[in-house]
Amino acid sequence: MEKLHEECGIFGIIADRPINAAGHAAAALLSLQHRGQQSAGIVAFDGGKMIVKKDLGLVTDIFGQDFLDSCAFTHTAAGHVRYSAARENGINTTSNLSVNAQPITVSHKCAAFSLSHNGSLTNAAHLRQKIAEKGGVFYTTNDSEIVAVLIVEQCLKTHDLEKAVFNVMDAVEGAFSIIVGTEDKLVAARDKNGFRPLCMGRLNGATVFASESCALDCIGAEFVRDIAAGELVSADKSGQIITLQKDLKGVKRGLCVFEYVYFARPDSFIDGISVHAARMEMGRLLFRQKPTNADMVCGVPDSGISAAYGYAEESGIPYGSAFIKNRYVGRTFIAPTQPKREQMVGSKLSPLKASILGKRIVLVDDSIVRGTTSANIIKALRVAGAKEVHMRISSPPFKYPCYFGTDVDSRENLIANHYTVDEICRKIGADSLVYLPYKDLMNIKFGRDVGFCGGCFDGKYPIKIIH
Amino acid sequence: MEKLHEECGIFGIIADRPINAAGHAAAALLSLQHRGQQSAGIVAFDGGKMIVKKDLGLVTDIFGQDFLDSCAFTHTAAGHVRYSAARENGINTTSNLSVNAQPITVSHKCAAFSLSHNGSLTNAAHLRQKIAEKGGVFYTTNDSEIVAVLIVEQCLKTHDLEKAVFNVMDAVEGAFSIIVGTEDKLVAARDKNGFRPLCMGRLNGATVFASESCALDCIGAEFVRDIAAGELVSADKSGQIITLQKDLKGVKRGLCVFEYVYFARPDSFIDGISVHAARMEMGRLLFRQKPTNADMVCGVPDSGISAAYGYAEESGIPYGSAFIKNRYVGRTFIAPTQPKREQMVGSKLSPLKASILGKRIVLVDDSIVRGTTSANIIKALRVAGAKEVHMRISSPPFKYPCYFGTDVDSRENLIANHYTVDEICRKIGADSLVYLPYKDLMNIKFGRDVGFCGGCFDGKYPIKIIH
Amino acid sequence: MEKLHEECGIFGIIADRPINAAGHAAAALLSLQHRGQQSAGIVAFDGGKMIVKKDLGLVTDIFGQDFLDSCAFTHTAAGHVRYSAARENGINTTSNLSVNAQPITVSHKCAAFSLSHNGSLTNAAHLRQKIAEKGGVFYTTNDSEIVAVLIVEQCLKTHDLEKAVFNVMDAVEGAFSIIVGTEDKLVAARDKNGFRPLCMGRLNGATVFASESCALDCIGAEFVRDIAAGELVSADKSGQIITLQKDLKGVKRGLCVFEYVYFARPDSFIDGISVHAARMEMGRLLFRQKPTNADMVCGVPDSGISAAYGYAEESGIPYGSAFIKNRYVGRTFIAPTQPKREQMVGSKLSPLKASILGKRIVLVDDSIVRGTTSANIIKALRVAGAKEVHMRISSPPFKYPCYFGTDVDSRENLIANHYTVDEICRKIGADSLVYLPYKDLMNIKFGRDVGFCGGCFDGKYPIKIIH
Amino acid sequence: MEKLHEECGIFGIIADRPINAAGHAAAALLSLQHRGQQSAGIVAFDGGKMIVKKDLGLVTDIFGQDFLDSCAFTHTAAGHVRYSAARENGINTTSNLSVNAQPITVSHKCAAFSLSHNGSLTNAAHLRQKIAEKGGVFYTTNDSEIVAVLIVEQCLKTHDLEKAVFNVMDAVEGAFSIIVGTEDKLVAARDKNGFRPLCMGRLNGATVFASESCALDCIGAEFVRDIAAGELVSADKSGQIITLQKDLKGVKRGLCVFEYVYFARPDSFIDGISVHAARMEMGRLLFRQKPTNADMVCGVPDSGISAAYGYAEESGIPYGSAFIKNRYVGRTFIAPTQPKREQMVGSKLSPLKASILGKRIVLVDDSIVRGTTSANIIKALRVAGAKEVHMRISSPPFKYPCYFGTDVDSRENLIANHYTVDEICRKIGADSLVYLPYKDLMNIKFGRDVGFCGGCFDGKYPIKIIH
């Protein structure tokens, strides 16, 4: 899988006593780091004061011991990790800015709150224009600033934070999982389509919200339940919960199926489905789709591995490893100048010749975006002596843009838009290429009442997209 | 001089061709660094795009070669250095935040601009409330955000940036020197009282605005003139200038006299007066105030030195040095644990025994705030063998808070509020103590048509302060 | 596998033209980083000048673009990564010192050279004393300094670098794989027992030496052959090779079997044996040793994984994953203070509940040192719902110290020294525990003429150890 | 003064109880930082263990809180700051290496010690060769390594550290101020000519040695006395002192007069003479040499300032400031690309126009090396409106190389070697130029029994130089 980025991960925790809320947030954000590596932030509430720390960089770089010490007695905190999306609605502003880091902190007539947002609004330009028309001012290019303004508008009308957020859920369209933090409550809400995940847990009486359940596990919190599509859950310090639920009549459920295919961490459960189990099932279905004779099944690290286990299990072909991943390769290392070496050094993968030589290999990956990574990997396998390389993709051809919080908004770079499966197979140099059919992918629901958005595969989105 | 901080320095440059505007801004901000060491920022305009870089820290830490390279072809840039004031109007938010760094970037219906603000509004709380009442949202605790909202409001009404800023000048009260940057013009404006300095220069056809003339010198620009109190100057890329001037009838001119006493760099000229010459004159007047027999005149580094030269010149007593300043002492060095040593190590000054021993010393400083630094220095002189230490202060007793952009907003810590001159003299351990009388300080105008605010000395401010 | 550290990795490259030798060294050391993470160094030869860069830290931290640029035209370079061993022979000196970083550079009457050493001398104390007796001076606590002195002594006698190094090979006892670099040649040598690996390759006419073949792959060099035990290979710039071979009559071959079990990278070939294939075979033999009924085979990341593949293949039980490794966990991150969470956060592993729940799991690891890591992992599996956990170790009980370049020199901390297999099984909380028998481990030779040192398992070392 | 660098500063402290010796060393080295900015190091003794920390960089960068904490209970420490000299005796090795940082730690048959050395041996090449001939090995290019070998040789012969060091003082020629640290004593020694300063102090029973007395002041220690030329002083933990003194018959006393002119800190006393007082006297003598009519006397910051005070005092012309030094200019800041600006920005000095305009200025500096800095400064004064600029140099023309621990070893770059005083005056653009005559410079002894080395001025050195 290459160059496809989720936008964000969000987290919040609230307790009635000092629990080092910021420390928990930092640990949790670390477990959500796969959802965004460009910036991270935490807002901690410390009895009438917000302590804010956000910056470009990784969680481990940003939250040092100094910050954590200064937050040792915080009872409530909210956090965010971010990958800036390509489709920012800003005018004239570059996007990889520390000013765009979240959570944003907002103060207005009635109150002060922090806002952590995961998703992308499809009516952002419209909302922005409406706000601008009324004289609204924007300091960043985040959708989140739009959301903040709308929440404040509603607060002023309703004088009730829950109602305000609940009303905003009608105004915004698109992907919208948010956590609003204040001195005395934490409000989590999820759009009516339920595009992005959001769940709730408990830790010794504290209430916790997070994008994925792995963040709950990471701090030792118990998983309670997913926030439903169109639901708002508000928790106060004592642990008391208020929920509000939108009427979903006529609303298409649209949980991003790519969360299971690629984005989420295998140890997370989203809307009742284990990501790992879903990927195993994709692998099994892939084999059944076209049983293939081979000596070894390999997954492309890291995203193709779970599906490869499923393929191996179903096929009875032993699972093996074709590559070693150098865990010491940093983000800035510069290799010597021989171009042909750079590719593999850059990809951090070294072929495991002894495992590859003379073998017929089934290589499982989650998707093909541009095709260049797949081609490089297959070439490396052949150089290392693979007899056959059968590429298996645990999702259908990726053909359509996503408008709900990922960074693919143009069809130009998607190889599946320009070539047939056979052509792609030749281009990447595989002996065969099989994609998981769309209907099979939809089978991973395991009978649960979950509706997916697979718009990137079939171009059909749960809501109308205005261009 | 101890623990008194100016809030900000601002800078802007605009040309009709790529001139590495951001590089000039970085060099200029470095020369304005004494006006604020907490955060710095530059916004560069690069043909339809704003490149923003701002962070907590010093100019040399923030603007690396990467940033300067990325801005090599920028034609316009605006910058800011900041010391966060104590009197922020924010609710619930800590103030030493990177999110509060300036310039802020603003986009709205009609346009996008950057805003660099030096000063403190006395009606900020009122303006903030008015905006909040209308549903306004605040993301920071800066006064500048208020100014930005007001400018946008006026832009939407007038569809004219100059008029908009000019109108805002009527709405805001207090200290207000700003530079507004856009893709095709730079607008500089100064409040009607003229509290904070602002001047204009030229560099090969480019137009430059800066808080102090030393920033013009630093980049090789020619000084053209000061921006007048109540004046707005707008420069386009071609160098064409539009000026608008408020009617100042009934307005008291209130240039901060402390700019001359302490804040500004000695090589700057503010409103036609050389800061160095003003300090020399203060020194001369100090001697005339009470001629004193002594062997050596010393200035407390660095702020008391220019006045000490004047004192030495007028008195005929040789100027000498009583302390060595360790230029290698960093910001974080931790000395061994002996408390009595820490004071001097902390102050970075080592007494120059050979120069001090057996001498009657006139020690000149710009002001006494808490008195602890003066006491430490005088004690060190005595330990080093000074026979007499006569303290001379180049300003009157500092008794009243400042509401116009410095961090003294409470009278509690001001020693002159609690003790008479004689008592202060005893407390700091001096043989005699003379302050420059208020009317003498006002004499440093050299006949120019400049009116000072000396509110920190006499409690009389040019405008009404609403508490 | 816990807290067992290899000491060093070494590398050298020599060409007759500028090939950015230092750049190749940096890339190669990165692929040898698993052999030592405490310090790294490169010496580059640039026509009469040695450019030295060495420091504490990881390869990616130490060799920045500045250094690589300054070495762009170097033709020869030698490098080193190091984990400081516990058993340093120094008097009075702490060992984690940048001064101990290698390669060391040596100049004497006849020449100047760099020395990269992997291994630990068993007669170091004796040699050190002999040198000291003659008035020798030591600046570090490295064995390598002893080796350097001996080489110089021999150089002065023989006036021939190859002969000098060849003679030193008789004086030193223990593990001794070295690369000596000079302006015009590179000399690689391996002790008579062949404890530590060393191999040779070619890259477009340049000659390359490295601890493991993965370093050759990494820079695109072709593997030529292993350096034999007791062999010295000298390469000049033109690629001409001189070899000298010790008579090995009566010498026991003693390649460290733990290189296959744990130290080396799976994609390396050492003395003709693929590390990955060896581990697969260990896994197969483990199953045959005691066939066990289970639902899933898992390897403890990363070192138990290859053997687990072999176990799965042989048993027909599907391979699966029980843990997710957080690739963003840095070296300094501090988790919140709940003790029970720290263990797992510290170990960077999150249990994959969906994969574990209700399963009988065979868990394969390479060894058990103290037992605490195994106990933590098994407990986490049980908490995640594992029905049974059968621990399988791809090596015999680790009972004896190693004197040949690892950091285990005391039997106190080795759990297998204090408890029987049954007791260990109970202590780590497994349902069953099987170690690979010693004779089976020795079977991984695949018929090759290789003799192993398995002293850590049976206490029998190829050479006499003087305590 | 431009680009002339002292090589080193040294420090040691010993007590009979834990006094955070390393913390005192760090504070003291900070006050000696002007003697060397390339590397710094501290060796602390902690009851049988040496804790070593040394690196390239400034004192404040190298000794962090972690190190200081780890040394909190050390009773003895020795330190070093270093500027690597140009004239290293190394073969084939670059010199700006962390491996060359001092103190070096040495262990041999009898003991372990640290060595801090200030100076440059004139017979280093000879000694190095002799050692090499006997098979000696060198790992660095420091003279100090030679000294270490000699000390060990003598230790082995005499079994007495004091005698060993005392014997070495006969073998070495040139500048040689050293501090040898061991677990239970500190030995300080100074060469027979007394080229470089060295003094002793006391701090609550602890014994302290330092290059300059300012380091004693800095930690609150009392100055006891200078170490005499040819003297060795050994202090044990209890504070007991042993001294050994060479017979100085026929030895020319050769204290570097440039220590007074430029190197040392003004607040230091060296061999009984105040550096500040000496510079004041140079200024007075300069005026008497050629009384000149002017309006203001200025010193070039920082090294010309003390002499300028003396000139002002003697002449009655007021002292004033012509430049502002930007204390925020860091070491890496890059100014915009206009070449003509770079000079002044680089020099960190901004002309103080108001002070300069229309004035006849006497500009005092300590020396002229290449002449470019003087030319730049004088040009800046003229641009700022100076009517006349009379350059006064507080030392004679600098014409000859120094062999005793500074980085000028070639006559090529010395402007005084190529031009007459009149020519230099024209080249630097001054209206007049007066150097302090050699015999006047020698007058600064104030009657003390001190003999100077002024070899850089007259080419006559106290000892024979072998080229």
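Chains here go by letter, A, B, C and D, matching the order in which they are written, and residues are numbered from 1 within each.
To be clear about the criterion, a contact is a pair of C-beta atoms (placed from the backbone, for glycine too) under 8 Å apart; a residue touches a chain by one contact, two chains touch by 3 or more.
Keep in mind that this is a model prediction, so the values were computed, not measured.
Common neighbours of subunit B and subunit D under the contact definition above are absent. Chain centres were defined as the mean of their Cα atoms; on that basis the chain farthest from subunit D turns out to be A. Subunit C and subunit D have Cα centroids separated by 46 Å.
Between subunit B and subunit C the centroid-to-centroid distance comes to 60 Å (mean Cα coordinates, whole Å).
Centre-to-centre, using mean CA coordinates, subunit A is 38 Å away from subunit C. Shown are all chain pairs that touch, namely A-B, A-C, B-D, C-D.
Within the complex formed with subunit D, the residues of subunit B that make contact are 20, 23-24, 26-27, 30-31, 33-34, 37, 58-61, 65, 68, 214, 217-220, 265-267, 269, 274-277, 280, 302, 305-306, 309, 312-313, 316, 318-321, 324, 326-330, 332-338, 340-341, 345, 350-355. Of all residues in subunit C, only 48-52, 54-55, 90-94, 97-99, 104-109, 112, 129, 132-133, 135-141, 145, 148-149, 152-153, 156, 183 touch subunit D in the complex they form.
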